[in-house]
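Take a look at the following structure, please.
Each chain gets a letter, A, B, C and D, in the order it is written, and its residues are counted from 1.
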Amino acid sequence: MEGIPLPPKHTGELLKDVVAQARALPNEGAVADYIPALAKVDPNYLGLAVVELDGQVHTAGDAHVPFSIQSISKVFGLTLAMERMGDSLWERVRMEPSGQAFNSIMQLEWEHGIPRNPFINAGAIVVADTLVCRYSASRTAFTQFVQSLAQNESIQVNEQVWDSEREHGARNAALAYLMKSFGNIKASVEHVLDHYFYQCSLDMSCVDLARALGFLANRGVQPGTDEVVCDPRSTHRINAMMSTSGMYDQSGEFAFSVGLPAKGGVGGGLVAVVPDYGVICAWSPRLNPYGNSHRGMFMVRTLAEELGLSVYS
Amino acid sequence: MEGIPLPPKHTGELLKDVVAQARALPNEGAVADYIPALAKVDPNYLGLAVVELDGQVHTAGDAHVPFSIQSISKVFGLTLAMERMGDSLWERVRMEPSGQAFNSIMQLEWEHGIPRNPFINAGAIVVADTLVCRYSASRTAFTQFVQSLAQNESIQVNEQVWDSEREHGARNAALAYLMKSFGNIKASVEHVLDHYFYQCSLDMSCVDLARALGFLANRGVQPGTDEVVCDPRSTHRINAMMSTSGMYDQSGEFAFSVGLPAKGGVGGGLVAVVPDYGVICAWSPRLNPYGNSHRGMFMVRTLAEELGLSVYS
Amino acid sequence: MEGIPLPPKHTGELLKDVVAQARALPNEGAVADYIPALAKVDPNYLGLAVVELDGQVHTAGDAHVPFSIQSISKVFGLTLAMERMGDSLWERVRMEPSGQAFNSIMQLEWEHGIPRNPFINAGAIVVADTLVCRYSASRTAFTQFVQSLAQNESIQVNEQVWDSEREHGARNAALAYLMKSFGNIKASVEHVLDHYFYQCSLDMSCVDLARALGFLANRGVQPGTDEVVCDPRSTHRINAMMSTSGMYDQSGEFAFSVGLPAKGGVGGGLVAVVPDYGVICAWSPRLNPYGNSHRGMFMVRTLAEELGLSVYS
Amino acid sequence: MEGIPLPPKHTGELLKDVVAQARALPNEGAVADYIPALAKVDPNYLGLAVVELDGQVHTAGDAHVPFSIQSISKVFGLTLAMERMGDSLWERVRMEPSGQAFNSIMQLEWEHGIPRNPFINAGAIVVADTLVCRYSASRTAFTQFVQSLAQNESIQVNEQVWDSEREHGARNAALAYLMKSFGNIKASVEHVLDHYFYQCSLDMSCVDLARALGFLANRGVQPGTDEVVCDPRSTHRINAMMSTSGMYDQSGEFAFSVGLPAKGGVGGGLVAVVPDYGVICAWSPRLNPYGNSHRGMFMVRTLAEELGLSVYS
């Protein structure tokens, strides 16, 4: 970067332009259909938001419509767990890219039940286990944490999605039981999965998400409230893991073509952290074969290029 | 980063201090012994160099002693190949972290002979194949490229290491023949390996390496000579791949704890790129279980922390 | 075989001799300890029985002491399922050796939830699923089937072992949920595992087991009762699968050194079918690294050599 | 078996009938095309031979036409190596089914360069290495051994196939170099592969093959010549390994549906040993997805059923 990025006054114009370009793209990919509740979402939603550290909010398209955050919830869960567990967390989950599809069970067997990182499902389930063990009411604690970060008390779980997740959660149950067999799940698998599916089923808008993750761009201090969410070392570590592992088995390509810490979810959301500047959140439900939002990738890449945001220079 | 890092005047002092701390560490790890020529290196060498974009050179310890660059050569090979091949290179090698040991052959079979990235051995062998096919004298071209970048015409191959690599190269031959069986090696395997082992066997010092890779911190323009080595998009991409995959199966941990694009070699060298600032090179022959320099990791991490160099905040 | 094996009159003497030799072996291996209830078994038990097609019973050592049949139950389950399902069973489980440890989950992922054969855990769980779906009271049906084959109504489940299996069944749950995610488990996983753990927890003696499996040596007709248990094609197929896959990842070695259709269990039991002659059952709780009875292997091998029983010459 | 199989006088008629049935099957599968020389074979060849221990020869179709024996050569190589190496052979190759495609390189990496059995390519290459190390002229020794067994001095290598094998042998070279990297190839890889490709390139007819392997049905004594080829323990072991691993990753299905020790080759040949009776050889060049002869499987299965030849009862 040529020093701190100074986005042009017309950032809002740029967002509208990027959304229009995305809308004109051919319809590639399909809405996640592994659970019926997600498959019903209108594939044409398109939202984009940028929340800067100084509080400026830029939006375009459906940036205020809540959607299922799915795997983006892993960032919130990890933040909570890092604060509660300290470095002992890293005995139970590593920080290496997986080089595998996001829900691969093979690697977990090779590596004796220790997941590669907190952003693959197995890793997030271990993180959920630590929350279940540390909080008497982990779901409530999780929701309050996210509401507080997003400064929006109306954020809540989508019960229909939550039910659907539980009903179609066999593969995640397989991952959890495999880790249990290696001693790396402490609470009951049912309880842990209940929490995990719950946190995936929160509904949030692009603006909610971009605002909620501001602390990652601001060395742990939440912009707006000045609350200390975590120490700077933790935001560094979370950003680093998002950079190497946040986009499933497309993380390398995302670094190569965009160059920002990011996390995608199968609900079509995609958040990207720009250190010392702010947070971007894009949303479009159609997914590419890696499980990332097809148009979300396009929007974040275009924005990053236009504004010169990559961390890799 | 709080804006562009402004290293204190006493960077030289800091390097000496870091080398002293590294020297006091317990003797962990062992010199690479898979080829006899490397196993003979004195394990007590310890060098550290920083070359800034404005030409300042800071050194400590054995920063001027040439050593076997080994896998660091992959960065030079990749740069040459990206210039020669353009985007067609990415049909033959991907840009994803491998999640595997650096010379794993399993993943290559799964993924039909397309290596995960140019920094694992298989990927670098594909890159070598492109060089062998594009240059009538690829070894000479390679050496001249490196000499020119380092502004040091005395850089040359260590014949003893080269011979030893060829003699003990069965595993790399297995990788190359497997890719050949999938059609992803075009020249003869013998020829390609000959080039690959050659480039690994160049001897360079910490100062040579830090100077040679200056263009990666400077958007493709070589500091000192102002030569355009490649375009800024290429340096972005190389830095991104070094960030996600440069340190073998410890790349995630390196991002987590250091946060710089980097590449290690089993000769004990470790280079790290600091965009818009310069390049660090550390050298210590004892390796950790991942094949990275034990004390080299320590020196680069300490320096990055002291100077606030991480790209992730 | 030199024609039909004609065991010498003194088969009973031979058994006693073999047991004595086995008792004199050094104490190798350890009792299965993955569930506490099994770990408590006295490791010094040693039993051997041969039941011939004409009804002659030869025994030595603890041949009348009931023990946990564990994986030997897979043979009974498979027989029942083959009768109920016909060839449709082979769409849900294959008949190939696995080349993997008996509870490997990797292969199941590769092969999309279709287990390699009915004698690895995953395959036996699919078989259990078919029984649960076909019988209103599958556990009762299973017990009655086994009691009837063994002509012993006192055979029953060991409740302590059954509870222990359920409590420590995380790995089998992982296998079952993974297959469920591929659509290859139809009933609820809880129900299927409940049946599976139940059948593994039956207690039977060497004599019970050797008598119960007589139909496999007699083209489907149970010696003694003349009941048609299944058709000759089915016994051929079961014997074939026991020959290629019955002894976990030591099946090849067992064929190589013994040459009989066989099945081992982690309770230390080992049954071997001798077509047109009878059934051997050995029992000794200490297991080798493959999960087979150390002394059980010795006893069956010695007996097969002495009596010239191998099917391979 | 109902005692020793007593084939009806009209075995010759039966063979002609089976060949006619095979000819009427739809054209499934394709001739091996991984080497050009094999791809040129007329796919309509169809041969069947039975050579009984008493010297009777029954044939139908193209039973006297020589074809490329390919992997059937592994049986001859193994027999020679077992005689030369004794039990030390089993430190370098195991006797377990692989549960993998015949040329999988993954398993070899997992298992540190020790192949699962002598009938997958890696195992046969280790066997070839032992022959190259033990004989000053291993190719000549091999040919003489086969000629002597088949009582046919006109058997020789097909030079065109041999050349083609060498030219397209990249995958086997990958296997060999990987084993070399683990120390499990002693001679030069080039030399070993040269021998291996040579033995695969011998041309023999169905009658040649069925006659040559007679010793396997006769406890090591070659019918006709009464030469002791190996001891009975060796024929037992070879038959056992053919039963569990001889038909690539279809060995379990072959045992299940046929029940004879057998070995297939990608030239379309298939030999099956009937202990105490004789040897069957079928040939048809079209292969199924496992690399076994589609019509060859049909012919051997039909013959085994008609004559009641299975070893599993």
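Before moving on, here are some points about what is shown:
Keep this in mind: contacts are C-beta pairs under 8 Å (C-beta built on N, C-alpha and C of every residue); 3 or more make two chains touch, one makes a residue touch a chain.
This one's a predicted model, so the numbers in the text were calculated from it and none came from an experiment.
Counting only chains that touch, the fewest steps needed to get from subunit A to subunit D is 2. With each centre defined as the average position of its C-alpha atoms, the distance from subunit A to subunit B rounds to 32 Å. Rounded to whole angstrom, the centroid-to-centroid distance between subunit B and subunit D, based on C-alpha atoms, equals 48 Å. Inter-chain centre distance (subunit B to subunit C, centres taken as mean C-alpha positions): 55 Å.
With touch defined as above, subunit C holds no residue shared between interfaces to two or more other chains.
By the document's touch criterion, interfaces exist between A-B, A-C, B-D, C-D. Taken together, the subunit B residues at the contact with subunit D in this complex read 104-106, 109-110, 170-171, 173-178, 180-181, 189. Residues of subunit D that touch subunit C in their complex: 1, 3-4, 94-100, 107, 116-117, 219, 232, 235-237, 239-241, 243-245, 249-253, 255-257, 259, 261, 275-276, 310-313.
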